[in-house]
Amino acid sequence: MELLNYMLRFIEEDAPIGDITSLLVIPDITCNAIMTAEQDGIIAGLTEVSTLCSHFGITVKQDAEDGNLVGKNDMILSLSGDAKKILLVERTALNIVGRMSSIATQTRKMVDIVSSINPHCRVAATRKTCPGFQIFDKKAVQIGGGDPHRMNLSDGILIKDNHLALVPLRSAVRTAKNVSVFKKIEVEVETSDDALIAATAGADIIMLDNMTPYQVARTIEVLKREGMRDRILIELSGGITESLLINYAALDVDVISLGFLTHSVCNFSVNLEIVPDNNP
Amino acid sequence: MELLNYMLRFIEEDAPIGDITSLLVIPDITCNAIMTAEQDGIIAGLTEVSTLCSHFGITVKQDAEDGNLVGKNDMILSLSGDAKKILLVERTALNIVGRMSSIATQTRKMVDIVSSINPHCRVAATRKTCPGFQIFDKKAVQIGGGDPHRMNLSDGILIKDNHLALVPLRSAVRTAKNVSVFKKIEVEVETSDDALIAATAGADIIMLDNMTPYQVARTIEVLKREGMRDRILIELSGGITESLLINYAALDVDVISLGFLTHSVCNFSVNLEIVPDNNP
Amino acid sequence: MELLNYMLRFIEEDAPIGDITSLLVIPDITCNAIMTAEQDGIIAGLTEVSTLCSHFGITVKQDAEDGNLVGKNDMILSLSGDAKKILLVERTALNIVGRMSSIATQTRKMVDIVSSINPHCRVAATRKTCPGFQIFDKKAVQIGGGDPHRMNLSDGILIKDNHLALVPLRSAVRTAKNVSVFKKIEVEVETSDDALIAATAGADIIMLDNMTPYQVARTIEVLKREGMRDRILIELSGGITESLLINYAALDVDVISLGFLTHSVCNFSVNLEIVPDNNP
Amino acid sequence: MELLNYMLRFIEEDAPIGDITSLLVIPDITCNAIMTAEQDGIIAGLTEVSTLCSHFGITVKQDAEDGNLVGKNDMILSLSGDAKKILLVERTALNIVGRMSSIATQTRKMVDIVSSINPHCRVAATRKTCPGFQIFDKKAVQIGGGDPHRMNLSDGILIKDNHLALVPLRSAVRTAKNVSVFKKIEVEVETSDDALIAATAGADIIMLDNMTPYQVARTIEVLKREGMRDRILIELSGGITESLLINYAALDVDVISLGFLTHSVCNFSVNLEIVPDNNP
Amino acid sequence: MELLNYMLRFIEEDAPIGDITSLLVIPDITCNAIMTAEQDGIIAGLTEVSTLCSHFGITVKQDAEDGNLVGKNDMILSLSGDAKKILLVERTALNIVGRMSSIATQTRKMVDIVSSINPHCRVAATRKTCPGFQIFDKKAVQIGGGDPHRMNLSDGILIKDNHLALVPLRSAVRTAKNVSVFKKIEVEVETSDDALIAATAGADIIMLDNMTPYQVARTIEVLKREGMRDRILIELSGGITESLLINYAALDVDVISLGFLTHSVCNFSVNLEIVPDNNP
Amino acid sequence: MELLNYMLRFIEEDAPIGDITSLLVIPDITCNAIMTAEQDGIIAGLTEVSTLCSHFGITVKQDAEDGNLVGKNDMILSLSGDAKKILLVERTALNIVGRMSSIATQTRKMVDIVSSINPHCRVAATRKTCPGFQIFDKKAVQIGGGDPHRMNLSDGILIKDNHLALVPLRSAVRTAKNVSVFKKIEVEVETSDDALIAATAGADIIMLDNMTPYQVARTIEVLKREGMRDRILIELSGGITESLLINYAALDVDVISLGFLTHSVCNFSVNLEIVPDNNP
């Protein structure tokens, strides 16, 4: 679905029968409005908000681009148009930019930490997103320099612990490998033995879940010894906090995925201020 | 829209053409699954997840009720049914419970702080929610003992600073008051002078925005002096953090609204574990 | 949902696979069309029909504004554009204007009767609307000078007889009052005793249902005696016909709600005439 | 679209975020409810309301069938189920039955008048319906013994005055006739000359619009003289009120269509009363 | 539903979260593109594809009109606009034109065969279409000069063998005839006896199903003998292949319907080639 | 979107206001119905049709499984339920099974040809599907033993000729490779030089488009010489007909994709016969 359609749902959710306050007190006038950052960080969501505003006939000028580093009080969007329409989209627009910028900022920070230590290692998100906003969460990660990972359950093959509670590891990987010509096969494992089984069975990506740095190192060693390391990508996941990140990034791994990028998001503060239109 | 319809959209967002991994590797079997809390707090979202699971033919037993205080490792939901269906809803279910429980837990904490100081003062949310999930965010606040405030722009009249940039305070309130028989009129003001104007013009609720505790106290004094205090409700809003809350709660106010309840949410950790079904 | 989306549903309902007659016999030409009132009254629905026509690329000039008093044969809308598009929307447009103008005209008449007797008393609608057209019915009432009352079940708290068949009056009002900071509490009662209980329990609005004028007067007296009259709004409802209205309006009441405004609607006659376009 | 889907839209329109009163004051209990006619007439809409109630898990017993003649205080539906669900659908259900029964009752009356004079002549509706409720309006006409006529613009070919303002009568009919093998061609004319042209060109149905009974008689005579009468159906339309109906019905015509059947509808009064459930 | 809405569903089906390749590798540039026929035949679908492209802001020039005979390498559409948008619609556009042109071409061929033998006999389609594309299949038949027959189940009355397994022929036709003033009644029969019963009962169209040419001729004879032939239309259907067509067309029939027009479709080959834009 | 939702759209497309024939002539009775194959082949679509029938309350027994080889006159589905519901879904059900079985049968045939020559080589579909039915076309290919290839534009990265008209090959592959950790990169090339560039730049799959068998062999030789053959998958595409297939399958390739599997589909003949229910 086009992102605009998602955003029109947001407006419908927030105004099922319209913005009753504005309909009551605001006359048919035009006005300007300025969206401003209230903190430093990577701004995101401006493309989306511009699309949303344009849909409602509001003229938009982007004073920054998604992915820019902005500072406190920097103007990021200039709007002009029908006052009631601007008031209708105001809060939704701020919520979109606020959450996406927070995610982008947090992602950039983690990417910087990881790449300073291990330039080949990527930072990825998980599917621990806010339902209804998942595709925006993923896009914000991209803007922050991270990898969105699977966009959704239809988007990639990832055999996880809950699959493996039901089917044996080796046969699951082989089944997937036999059937899937066009997609990589990723498997989540918790031991180096399983990592080796998965690699041998043909997995393209091995996700080492909830391992200590030592266990990861050991697992990589095992894979190297068996000549498997170069044929696969290694992803780390599970409980990796910002403070632990540095320890994991130092290892010979390809991707580190971090749930908190999207499941624990502190609002990035943005503000929208209406400026009366002097030229009616 | 019924909450179920929102949740079906979440599933469609997360599986536009199905869960390709499960379709590939999981046979047509049934299984059980247990959802467990991984931390202490107020659990929320169980009613919603039960509804969602039932829709997909999964049998659900709630081991806790929304609003219960749960502890680490407490079972909260027991599922049983088609394995592929359980795997299809797993992540969405966890994301719903994770976010809602976090909001409920945070709200309960703030409600406890406020009511220990001022039993008559309520804690309320704002519309700084995650787009697409707003109604769930609001419900989580209620489960935590807070007031959801306006559910959306159609749900209440709140004249804010951006309205007042375009129309004069007194006439905005009077217009609204004249037209609106069935709804309360709320106005956001930033000075005690404006608070008095709003009250005199007939506002039912005055939101004092971004005031220091001292300014709030002064404003209440002014309203009392003019015999207006008892005819209105007083709400505080704007930049009230957890650490400041105690200072504001000690004042003679009716409601304190806190944006961070819904705009800054750290995931409440929950886990779902599949258990193979021994009795096919 | 935006009103346009409702109207697009109307068009889809009336032309699920298009207007087959026009597709068959009308070439690709443009034309003009004039919508004319065929009787006197308050016109309504022109804003909506203009929005609908614009969506289909038809140029619209409003020759009257919603709420205007129009006379027989007055032009109200001038359209110009693709002939097949005008023919596609013709009947839906006429049906919208016909029903809305009828409601607005009838409402205005009742408002005039009431306000000539009791300038402080408002006329309100009920939810006895045509399903699928409810929001248009409510808007037509507003255009006629009436109060739309609750727009829908999500829009206000109104404890009615069927609630009170299940829960006691006093506790219902108190529960609602305790929980609802931001919304007025309205209660429907049938006796003066219940009116007093409701007022004492904290209701903001008391709807006296199906009372004779004498019973209403008695109830107001009771409320006054207890010092409650000025703290509440009094609404009358139930079986008040046009001929009885004068008796009720003379009482000290705040609102009279009339089901027939929207449940018994005789079409306001409007006509649309196509005029061939002389300047191809 | 299935009728149920239309009705779910009605519920969503009337409760975009639920029935907030019932959610507030009604506990999780079941109850019974009785729908009763408050006047005499032909009842309609019971099938639809039963379907709607069933969707929400409410058990329904129909105490009457659509098309039955019911009397004042007759029970028509018995419901039992979750109290909050019954309260959610209550008003929508009453509005559906109220409007449909009114249309059915009015239609039956007109059918009785016409058929007492001219047993071969049918009564039909027009597309002057309430947008959003069109298919229910048409069904109500059928229940009353009338012909729904075109269900919508996709459903039949009817060349009207506004088509004939743009294309010549003879060629319009011929074009339609040449192309349309499977559908009858109907044409609206205002003179006997045009009636003859239309018949000669191959029209299957001639609608005589806004003619006096004398003009109709003359036109039929002309058609007979030319040997055309038996090859076509004759429909009368335009401004035929109940009092004039008797004059038109006496003529040798096949169908009389009446706009007022659906555009001027006075509510048929029905009531729903909740009865507490004694067996919890 | 408007055709555009169907096509937007096609795009959503083909790009639920966008065209990930183009988003990855194509910069924000404009380009031109040429759609070319790769074989001879009747082109169709250009109107639809133009509407689709315009919706996405792509400028379209039609180099041919629907229904034109085009030759190999003929340009049929010229597009220009945002490169990513053109790549987004490319395959859907080609699929629409490919299938519709194939149907139109095949239909034209059959129409030419039939009309060379029997100028009064029409070629019609059936409902053996591709689900989801039915209305486009029907339109393609029209472009090829065929009759679309019933567009869908709501569009005409056709009593088939499976109805007649449940209700007797004569009463089915009579019921339908009595109720249906505005629609023709068509009946499918397999014997000349049944054809006569159907005609006598008042059917407007008799579909002779799966008869040999000899059986058809005999049936017509019977109908003629009874004076029924001129009061009905005769349609042939069932297993008529291209090679048999000539035998059936020679008979005195009105319509021949051919399932293979839409159920057995070999792609009409069209190609779209991107041309870089030299004037940025 | 769940497949059921697609099928409900098909029903809505085919019966926007219901099946008017059945509503007219069929009483409220139940019946049985048998779906039978009228030719030999691989049956497909039974799972889907069963789901659809169940949704409408029809009891279904599958007499064959998707992927089974069935013969002429074999029963494949037994239905029982409300006669009008069965008649409502009849044609849609037949169209689904007819098209899907045809595709599955054709696919199986090609798979058998290829695997008899080259057991390691897979047969794949393209996106040359019928819009609105794409996901069913892809599923039918799978049932026939083929690979569905990309399900849609969101599902895999495939850099095609039209991308390469706008961006250079090497940089396109590198950009994609750098960004895409979790997905394979496929590139379409037309020369052995480009194949080598693509492989060197890191492509995972090389699609050789429109090459003769000789050119393919030469290209593979070049890739082998450079040590690239084993690191990539080789896919052939473009103009490979059934008669040419044997020549291409003999080469050292991994996948052959065939547009005709889904763009040129001759209906697989299936029939549904209603059997009156003897036990009312």
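The first chain written gets the first letter, and so on, giving A, B, C, D, E and F; residue counts start at 1 in each chain.
The rule is simple: a contact is a pair of C-beta atoms (placed from the backbone, for glycine too) under 8 Å apart; a residue touches a chain by one contact, two chains touch by 3 or more.
Model, not experiment: these values are computed from the prediction.
**Q** Return the chains shared as contacts by chain A and chain D, ordered by label.
**A** For chain A paired with chain D, the chains in contact with each are B, C, E, F, in label order.
**Q** I want to confirm something about chain A and chain F. Since they are copies of the same sequence, is their interface symmetric in residue numbering (over half shared, so same) or not (under half, so different)?
**A** On the two sides of the chain F and chain A interface, the residue numbers are mostly the same, over half being shared.
**Q** Using C-alpha centroids, which chain lies at the maximum separation from chain C?
**A** Using the mean of the C-alpha atoms as each chain's centre, the farthest one from chain C is F.
**Q** Looking at A-B and B-C, which one has the bigger number of contacting C-beta pairs?
**A** Result of the comparison of A-B and B-C: A-B.
**Q** Measuring from the mean C-alpha position of chain C to the mean C-alpha position of chain D, what distance in angstrom results?
**A** Centres of chain C and chain D (C-alpha means) sit 23 Å apart.
**Q** Report the inter-centroid distance (CA atoms only) between chain B and chain E in whole Å.
**A** About 53 Å separates the centre of chain B from that of chain E.
**Q** Averaging only over C-alpha atoms, locate the centres of chain A and chain C and give their separation in whole Å.
**A** Going by mean C-alpha positions, chain A sits 45 Å from chain C.
**Q** Chain C: which residues touch two or more other chains?
**A** 16-17, 135, 151-152, 154-156, 179, 183
**Q** Which word fits how the chains touch one another: line, ring, star, complete or other?
**A** complete
**Q** Chain C touches which residues of chain E in the complex?
**A** Its residues touching chain C are 1-2, 135, 151-152, 154-155.
**Q** For the complex, which residues does chain A have touching chain B?
**A** It is residues 6-7, 9-10, 13-22, 24-27, 29, 31, 33, 83, 87-88, 90-92, 94-96, 98-99, 127-136, 152-160, 162-163, 165-167, 172, 175-176, 179-180, 183, 259-260, 263-267, 272-276 of chain A that touch chain B.
**Q** Within their complex, state which residues of chain B touch chain F.
**A** By the definition above, chain B touches chain F via 12, 16-18.
**Q** Which residues of chain C touch chain B once you look at their complex with the stated criterion?
**A** Residues of chain C touching chain B: 122, 124, 147, 149-151, 154-156, 179, 181-184, 186, 205, 233, 254-255.
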